[in-house]
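The two complexes that follow have chain A in common; it is paired with chain B in the first and with chain C in the second.
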Partner chain A sequence: MAGTGLPGGGVAALAAAHPAPSVFGGSANVVAVLVLLLEFGMFRQALLRDQIRLYAAQSAAISVLAVIIAAARDVPQLYVLAALSAALKVVIVPVLMRRLLRGADGEIAGSGALGLASTVLLAIAVGAFGFFAVGTLGIAGVTLPRTALGLAMAVVLVAFVLMIVRRDVVSQAIGFFSLENGVSLAALVIAARMPLILAVAFLFDLLVAVIVFGVLIRVHHGRAESLSTAGLTRLRG
Partner chain B sequence: MFIILLAVPPAAALACLKAPVRACQAVSIGAGLASFASVIALVPAAARHDLTVGRYLRADAVSVVFLLATSFLYAAVAAYSVGYFRGEEGSAGFARYARRFYAGLNVFAWSMLAAPLLSSLALLWIAVEVTTVISALLVAIEDTDRAVEAAWKYVLIASAGLGLALLATIFMYAAGAHVLGQSYDLGFTGLMRAGPRLPHTAVRLAFGLAVLGFGTKVGLFPVHTWLPDAHAEAPTPVSALLSGSLLAVSFYAILRYYQVSVTALGPRFPQAVLLAFGIASLLLAALYLFGQRNLKRLLAYSSVEHMGILAIGVSFGAPIALAGVLLHVLAHAAAKGNAFMGAGVLVRKYHTKRIAAVGGGLDLLPWSGPLLLVAVLALSAMPPFGIFRSEFQIVAGGFAASRNAAAAVLIVAVTVAFLGLSLSANRMLLAPGTGRLPRGEPSAWMVVPVLAGVAVLVLLGVHPPADLAALLARGAAELRGLA
Partner chain C sequence: MASIALPVPAIQALQVVTIAAAAPGVSGVIARAEARLQGRRGPRVLQPYYDLAKLCRKEALAPEGASWFFLAAPLVAVTCYLTVPLLIPVLTSYPLPLGYMGDILGGGFILALASFVVAVAALETGSPYAQLGSSRAKTFAAITEPVVLFVVFTVALITGTDLPYALAATVRSSAGQIVRPAHLLATAALFMVILSETGRIPVETHTGTNEFGMIEEARPFEHSGPYFALLKWGSAMKQLILYTILANVFLVPWGLAATTRPADVGLAILALLGKALGIGLVVAVIDNSFAKLRLFKITEYASAAFLLAVLGVFTLYLGGG
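== the complex of A and B ==
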């Protein structure tokens, strides 16, 4: 589709230098970019409810990617994995989180440790670092284009920024869950034909996270009457 | 033996959910002793060859060393907690609390016994994750504001660290997939056999992420921040297990990545990474030991110090240093278990964790006072205790490997740490007390396990049994990729 106006030889040279991505590679990259954009969206969201919604959308994107890979590369186990992770991350975790929010006084995410603009700038810098650093390493997956691995790394690092600058329990938990999404993305890129063992590993991680976060946030909420971590300053030194 | 180790603790945990508290206590002590006995039975065999059961269970000398540390503390702590709860039996909700506590204790011990028995890096990661979940719930079990705060920090920081460790697992998988094909079980023996052919960049990335990720749970600087909080706020028996055993199990995971990386990359890069983290942790902890006002935080920073020593010892790479590292794991488990159990007695006696509020411990506690002093001396590497021997070996290995500067830093930092620890111990035990508390021990149950720990420390320091020495030598050879 590129360069219909160019002479025939030019097109061939162009195509040789920059082979057009296949439909599969292109759609995979699009989904990976979406995941990263949604991660950035979480910074912008002040309402915790919307933040949870963004997390659900991000998880859905990951599941879609798993389905794309399953179909294109003929890895039937991935369908099961996609279904399970969709059930868990698109439905159960967000529902639990929302239930937790009900009755809490803090509907709005507490302002972060930094202002919004500086936070986003920091996240962009960190994300770009992850993207390009991994790009230079030359570790290629067998199933997905290399770009997606850099994007996965960027998601992980940006999730760290989210966890660090936010000062309420829900945002920190969401930050952690989206970090897991980044790891899942990396796993899909590198190890899509992974033995079931790796699939178990990252589903299991989420299950565990749900249990612990579920219990802890509840305990926390019950005691402190607020979801802010501003009061969690007794232990230091 | 594998079956006893993997089946008895969960069975004990199930029993504890229903049984009366006294039965829970008996069952837990029984499970602890059974585990310890079966690990000891594994020692002679593991000192000669690897043991494998099925595809996913495997124990070599390195795993058995870590199993010994965990199972010893499991038995000791199960006995100790009988005394720890003495006097609270009548209070409201105690039975429910104690059942949850004992069930959690047994599952926690089980997860830490399972981790060194698994042959695959992916399964190892799952086991370490399970230890995090259970221990976080145990940290929060007292349900005070401070305990919940500590548990929240612990979960968040440790889970994020384990997220990185999972990335490390994935990159290691990618490295192995180049050689071993797309579907293999990520077993580290296979990875080590394929070692020289693994792509360097991916292994390097995996090792760095593994040290950072699992290092979060080991308590390496700068990702140690959850550690003092969790250790200080958990019930004392759990603190002893966290410090003596949980940190070691996470270090075990790093050792497995180290083994693979050494065969793939040669020793230079992995040793440099461990040296950097080890020195930083050791220096930080040695300095923090001075400013501590809370008894259990003091001991927690001492754990950071000793984990730093382990990392430095591995980075030396000399056989004597590696044997010293494995011995250090055992001796640190016994010494730190003792120190926390002794600290628990002080806390029980004085009803405070503040160092400044405690005084005259030697007079008031005829057994636990001297025993805590012994534990502090043992932690500071005084002869004739095991840590003296292990640190001596590590330093000797440093000089043998011509790492003179690092060995010198190690000696200086350990001396500084000794000063910090002994100042506080002096304040609590030798300085005259102000209160008018009666002289006497809260419970004999809180003394007997500590005596056992002292016996182990002296045994390790004076004359390690021949089988154990063979086990440590083989473990050191395995770490160098020779066995």
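== the complex of A and C ==
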């Protein structure tokens, strides 16, 4: 184009500051970002049932990511892991949690200690810390791009924020379970080829957590007649 | 092959004319689609044009005590909206002579200037509604501004420049550029900003005069006649400009003319209209599927958009994003 000084080809030449990832890397990262966004979505959900639904969606995203890696990187045992984790985290745990909630009358989660917008900003700051902390470590996964590892760390830390800010037992339990999702994501990045038996053992850890939290929710509900933990700060004696 | 080539300045002028002429029509289609979604028959698609024509025949009045600025503001605002299409890829994939006059930030400044003069004109009137609208518009613009900034940062990190043409070329270059999370997150954040800037979501009702959710619509309350027509036309142009940026820079930068042949440019006009109407229909569906929030909940919406934009920058910093 005469007179512009920058012909049409110049634009394409400019466009190489951050090289694009491969399509596989990009889509794997998108699924990892989705996991983190669902974690943030839990802040927004006021209904406990919807929060459980979000957890199921997040677990499904992890399973999808495992299948993507299994297909692209040729790690057949990940298919088994994906199926097991989908059965456990998408079906069994949500069903158990819903059954636990059936007796409880409080359908609405206790309001958080902070407003929603402030919580999100706080969680962004905490997540950023995890993101950049992992970045300085310089760990590179063999199966997935590094970004996914930072996102996994952010999921873990944001899950902590969820557990700290929310004042009801169910949100705290869901926060803990989704923390385990973040750990699974990190495991997929760093050690996708770890022996299946180990991966399954980690999954059973989650089952233990579900049982412990289930008992906790039952006991708390039986004593306090509510799912809120706000009353627990009062001194008794 | 020897064929007729349009002169480049003519194409650039055509970009402005396309935006100016098509904007009310796009608004009309959206209004029609919205009415259909709500089970009404809705106005004619061409109704906005008739409205503008009717307003232009009416008398123009100014409130007592308002200065010359009150009447100058609509003219300045429309001039701003007519300037922005010079800077963005409306019809062509190659940069036009004046396209490097300003980058994304420059375009943003011009849009902000238009909104600023309208707000000042609203303050001139002393009318409570117009003042309420302009005060709200400025407050919430300050909340969505960080989102736009982070979207610009993402573009700058991806392309090394902040020229809209460069990002469009990058997106076209490979499939890896399309699926990278930074691009998708920035696009989603920009879409959320556009929804709130064009008065759809989260609190405004686009057409009504419900004062609780009134932001943009309240500002031209005191204008009348041709000046009011200019303001209405301007807000329709702003909507189409934002849709064009979303479509031709971020979402679907295909279908732009790569040559100066009239046939290609004509096809690009049709493609632009198709894209804008597609976005408009999606916006209408979204607008009708969510309940409006209360006014002070607008920060929650802005924080969600901010989250998307910030995550986009984060994923780029660790590489591969």
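In the analysis below, the second predicted complex is superposed on the first by the 211 of 237 C-alpha atoms of A that agree within 3 Å, B and C clash if a C-alpha of one lies under 4 Å from a C-alpha of the other, contacts with A are read in each partner's own complex, and residues count from 1 in each chain.
The rule is simple: contacts are C-beta pairs under 8 Å (C-beta built on N, C-alpha and C of every residue); 3 or more make two chains touch, one makes a residue touch a chain.
On a predicted model such as this, the values are computed, not experimentally measured, just so you know.
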Determine, under the contact definition given at the top, whether A:Ser22 touches first (chain B), second (chain C), both, or neither.
-> second
Tell me which partner A:Phe40 touches in the superposition: chain B (first), chain C (second), both or neither.
-> second
In the superposed arrangement, which partner chain does A:Ile124 touch: chain B (first), chain C (second), both, or neither?
-> second
Of the partners chain B and chain C, which touch A:Leu137 in the superposed model: first, second, both, neither?
-> first
Have a look at where A:Pro76 lands relative to chain B and chain C in the superposition and call it first, second, both or neither.
-> neither
In the superposed arrangement, which partner chain does A:Gln172 touch: chain B (first), chain C (second), both, or neither?
-> first
Can A:Ala191 be said to touch chain B (first), chain C (second), both, or neither?
-> first
Going through chain A, the residues touched by chain B and also by chain C turn out to be none
Which positions of chain A touch chain B when the two form their complex?
-> 137-139, 141-142, 156, 160, 163, 169, 172-173, 176, 179-180, 183, 186-187, 190-191, 193-195, 197-198, 200-202, 204-205, 208-209, 211-213, 215-216, 219-220, 223-224, 229, 232, 234-235, 237
Can you name the residues of chain B that touch chain A in the complex?
-> 120, 122-123, 125-126, 129-130, 132-133, 136-137, 140, 143, 145-146, 148-153, 155-156, 159-160, 162-164, 166-167, 169-171, 173-174, 177, 182-186, 199, 201-202, 205, 228-229, 232-233, 288, 291-293, 297
For the chain C and chain A complex, residues of the former touching the latter = 8, 93-97, 99-100, 157-161, 163, 165-167, 169-170, 173-181, 184-185, 258, 299-300, 302-304, 306-308, 310-311, 314-321
The residues of chain A that touch chain C in their complex are 1-8, 11-12, 14-18, 20-23, 25-27, 29-30, 32-33, 36-37, 40, 44, 115-117, 120-121, 124, 127-128, 131-132, 134-135, 145-147, 150-151, 154
